[in-house]
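The structures considered in this document are given below.
In the two complexes below, chain A is the common chain; its partner is chain B in one and chain C in the other.
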Partner chain A sequence: MRRAAFYVVLAVAAATFLYPFLWMAATTFKSPAEVGGLSLLADQPTLDNYRLMWVRAPFGRALLNSMLVATSVTLSVLVFGSAAAYSLARLRFPGRSILNAVTVAVLLVPAQLTLIPMYTLIVQLGWVDSYAALIVPFAFNATAILILRQFFLQVPRSLIDSARLDGMGELRILFTVFWPLSKAPLAMVGIITFMGAWNEVLWPLLVVRDEQLMTLPQLLTVFSLGGGAGPRQLATKLAAAMVLVVPVVVAYTFLQRYFIESMASTGIKG
Partner chain B sequence: MHAEARSGLFLTAPYAVFLLLFSLFPIGFSVVLVVLKWDLVTAPSFAGLDNVQHLVVDARFWQALVNTFLFLAIHLPLQIIVALTLAWALDRPLLLRAFWRAAFFLPVVISGAVVTILWSALYATDVGLINGLLARVDLGPVPWLTDPAIAMPAIAIMATWKNVGFYVVIYLAGLQSVPRSCHEAIELEGATAWQSFRHVTLPLLKPQTLLVVTLSTINGFQLFIEPYVLTGGGPLRRTLSVVLYMYRNAFSYQKMGYAATLGLALALIIAAVLVVQRRIIGSAEES
Partner chain C sequence: MANVSFEHVRKDFGTTTVVQDFDLQVTDGELVVLVGGSGCGKSTILRMLAGLESVTSGTVRIGEREVTHLPPRERDVAMVFQDYALYPHLTGRQNISLGLRLRKVPKAEIDRRVRWAADILELDPFLDRKPKHMSGGQRQRIAMGRAMVREPAVFLFDEPLSNLDAHLRGQMRHEIARMQRRVGTTALYVTHDQMEAMTLGDRLVVLDGGRVQQMGRPLDVYGAPANKFVAGFIGTPPMNFLDGRLERERDGLVFVCDTLRIALLGERRPDPTVHSGEAVTLGIRPEDLALADAAGMGTIPGDLVLAEVLGATTHLYVEVGGRRLIAAVPSGPSLAPGTAVTLSIDHSRLHFFAADGSSLRQDGIDP
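Entry: the complex of A and B
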């Protein structure tokens, strides 16, 4: 009996987090007359809200922009970041200890401090309204480099020595010896980087003004600030939000263990 | 090992250039901007300490700071209590344990822009879900985002809902590392479950609590998209956050020097707040 009551309380708690998303999904299929209702099923399901948001703003293009930006940033952080991490962990070269120290130090700098100087830099570079503004400032990530470096330090020295005896260059050692051993930290870095880039909204709001170059969260924000607050607008905004939510929820459903462990163990949130 | 040094320099050169351009330069330039007046169109001019003097008497900045502290005063305790309760509930053999954890964590992976738009629908006075539920028990409607006294607490509740799953996972990991023998020992002495939690579990969870407080504080000072979309900083500027004010100074008013001054002030305030919090939590044990 007490056990059953415990599960009821737990279910109510879980519903607090899940029901709003279900209600949001349901609302996007409702006609204006039904929008305020609590029901999760529309009496007369309609696709009008989706049609309206699709013609009013370039959400298809924004979806492509977001995928391009998040994928480029993630690939860069993984490929170039692991090359830097490998060198910092396993190669002796002049300047290594300074580079290690700076990597740790920049983690302590709050993002608010560098936001405006970064913005003025992007303007000076002439990168406003370009993919470069959305990708290049995130091409490396100090947290990612430290995670990978920490892992690379644990790979036995003998593996590097024998690979070098076989005549392998450092890049080949990194990608054919270290990468296969580092699937877990690479996946972790990949997930947190992709989610960070996918969800970011303040930076695009600063450096992109052209609707055709906006990422999904940005276009969604601009779109929802533009309209009124009536039932029709509400359902249309929520329909636009679904474009951003559905891919994440699908990925999360299959990979939730990796999402939770990656984010919780690095202290980074989406 | 001449070749090794060459490889090392070659492989880290892009990262070194990146650090110089996108980390070290902005950090240094943030201080330079403080003494400049610059609209990004005409050439910057030297402004001395004008920006700092303006900051000291700028009512909007102080209002934004007070708003942020009010936000933290609600958000931090709420986050700790809810996260601890949910983690405590999950710290036992359970059916569908992974499902419950994943449910609490779902809002964490969703973009803040989406969560904010979703909550604008939940908080809507006439067609919103929350007032709809309240109407069922003959309460409300509550003007969640239009009443100056309610708007910031409403945003703090929303932020807790979005982030708490993350802290549930952190507390859960902490709870699982508390040995059972600790509880058994104190319960043999006749302590109640609550006393055991209060005097054994809670002190052992201090590292997790410190992490929750630190990350929530840093996060709280980054408050931007929530007031930007939900309230525009209103009503009566009661939800204006420092980052939103900084964004407006840079983007709408083209005052780069003043916006950077706000950023520098905020960074110093965050550092001070984190130091004070660390002291308080560190000394909680002795009392």
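Entry: the complex of A and C
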């Protein structure tokens, strides 16, 4: 009985989270007349909202931009982050403990605080309206370094010794020994970074004005602000929001096993 | 294959010196065992030879080549680790061949060497398994195979049997000895287990506090330990020690320890003219004590505390004037704790140590 009550509570909680999302998904297929309703099924399903969205603003291009930016940022964070984590965890060099402390200290600085100086820097570099402005500032991430460092510290020293004796250099050890052993933390860092980069709005709004360079959430924001408030407009905006959400959901579905495994093993909250 | 030499090698970690003035010459094909307690510097010495640890001062050579500052991959050594250090994401075969693939050895040659190692070590049944699906012994054999196929100048073994159970340890000890003899490669073997050291090594190097205490063939070290540390470290059960002094009595010598007086009868006793009156430690190996029928010259009376029957041998723990001696005797009729016993001593095999722990020369016999 208690077990049943427990599941009822869980089901209600899950529905609370799921319903708005499902409603959004359903509404994108509804005609203007049905948009205001709470039903999760469209009486006359239509793809008009997606067609309209595609016609009114360059969402296709924005999707490509977002893909490029989020993928580049994720790859950079994984490559540079794991290289830094490996050095901080497993190499002996002067100043290592200071660098470790600095990495932790970086987490204490709120991103809003660095927004203006970073913007100034981008302007001075002449990177406004460029992919570099969207990618480079996020290519290195202290959280990723700390998560990976913590994991790398657990790899037995003898494995590194053995790899060195086998003739590997440090980079090869990182990518052919540590990476295969670190699938879970790499997946977790990858998902967190990808989602962060994919959903970023504020920074692109600052450094990109050219419509052709806009990322999906940026274009969606601009589109929502200027698109009007009628039922047709609402459904079109929701269609754009769906395009934004789907890739992240798909990525998470594929990688959630590693994600949860890693959460459980590192004890780090997402 | 090659000689190995350490010349005045020293290793400091910060302000701590872990290896001091270490000298060792290993001849081609020899198996030398470095043995000592934890923290004695034995693993550090091995890691310095492998290039995994820097050398603070001194010179390391492999063959004619000085390797003191060369990176590990340029030293032509292969190492077997205590925890096997197999790559968990690779199969046994891939683990064995990885070092060769990295050195761009032709595939046919890699296959030949893997075959060869698999034959010697009987690896076939688990060659295509990943380490997590192998037992400890199988993993260690794969690790040995990985070292063998490299055909290195020197094999390094860093406590390779410590993680195995007693039965497997004995079996693997044989395999290592057999493999090393068969391939004839120079090998350095580190262990804290003196039994492994005695049975495996052509030569032992006993270490303590970063210094060499004694080097020599296992039986020489066992029979004539250079000091009290070596005497206590090598041998199971350990050597019995009695602190006392030597006194001259008529034309002979007596060892006096509180109320206990042992007349020294054998040839291997300190020179009375030099050592009488001196404070010394008497060392008696457990197997040099035996149960005597009656008290007599040079026997030790005591009370039995415990008899451990191991099969053919029994270890008797005997209380003698507040001290405990261990005697290893052939198993016989069981004795109850508390029984008064008399121990006879093989006077020809006694050891004497000066106050500083060094062995006393005994009537011209070098320790």
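Details
Note that the second predicted complex is superposed on the first by the 236 of 270 C-alpha atoms of A that agree within 3 Å, B and C clash if a C-alpha of one lies under 4 Å from a C-alpha of the other, contacts with A are read in each partner's own complex, and residues count from 1 in each chain.
Here, a residue touches a chain if its C-beta (ideal position, glycine included) is under 8 Å from a C-beta of that chain, and two chains touch if they have at least 3 such contacts.
Because the structure is a prediction, the values reported are computed rather than measured.
Annotation: superposed three-chain arrangement on chain A; chain B versus chain C shows no clash, the two fitting side by side.
Using the contact criterion defined above for the overlaid structures, shared-chain residue A:166 touches chain C, although it does not reach chain B. Of the two partner chains placed by superposition, only chain C is touched by A:158; chain B is not. Which of chain B and chain C touches more residues of chain A: that partner is B.
Of the two partner chains, chain B is the only one that A:7 touches; chain C does not reach it. Legend: residue contacts after superposition of the two complexes on their common chain; A:121 is shown touching chain B, with no touch to chain C.
Contact with neither chain B nor chain C is seen for A:54 once the two complexes are overlaid on the shared chain. Put simply, if you stand at the Cα centre of chain A and look at the Cα centres of chain B and chain C, the angle between them is 100 degrees to the nearest 10. Between chain B and chain C in the chain A overlay, the least Cα distance found is 5 Å. No residue of chain A lies at the contact with chain B in one complex and also at the contact with chain C in the other.
Chain A contributes residues 156, 158-159, 161-168, 172, 177, 180-181 to its touches with chain C in the complex. Of all the residues in chain C, the ones that touch chain A in their complex are 47, 50-52, 71-73, 77-79, 81-89, 98-99, 102-103.
Note for the complex: chain A touches chain B at residues 6-7, 9-10, 13-14, 16-18, 20-21, 23-24, 27, 35-38, 80-81, 83-84, 86-88, 91-96, 99, 102-103, 106, 109-121, 123, 136-137, 139-140, 142, 145, 169-171, 195, 198-199, 201-202, 205-206, 216-218, 220-221, 224-225, 229, 231, 234, 237-238, 241, 244-245, 248-249, 252, 256-257, 259-260, 263-264, 267, 269-270. Taken together, the chain B residues at the contact with chain A in this complex read 1, 4-9, 11-12, 14-16, 18-19, 21-27, 29-30, 33, 38, 40, 86, 89, 94-95, 98-114, 117-122, 124, 126-129, 132-133, 136, 161, 163, 165-166, 169-170, 173, 211, 215, 218-219, 221-222, 224-225, 228-229, 242-243, 246-247, 250-251, 256, 259-260, 263-264, 266-267, 270-271.
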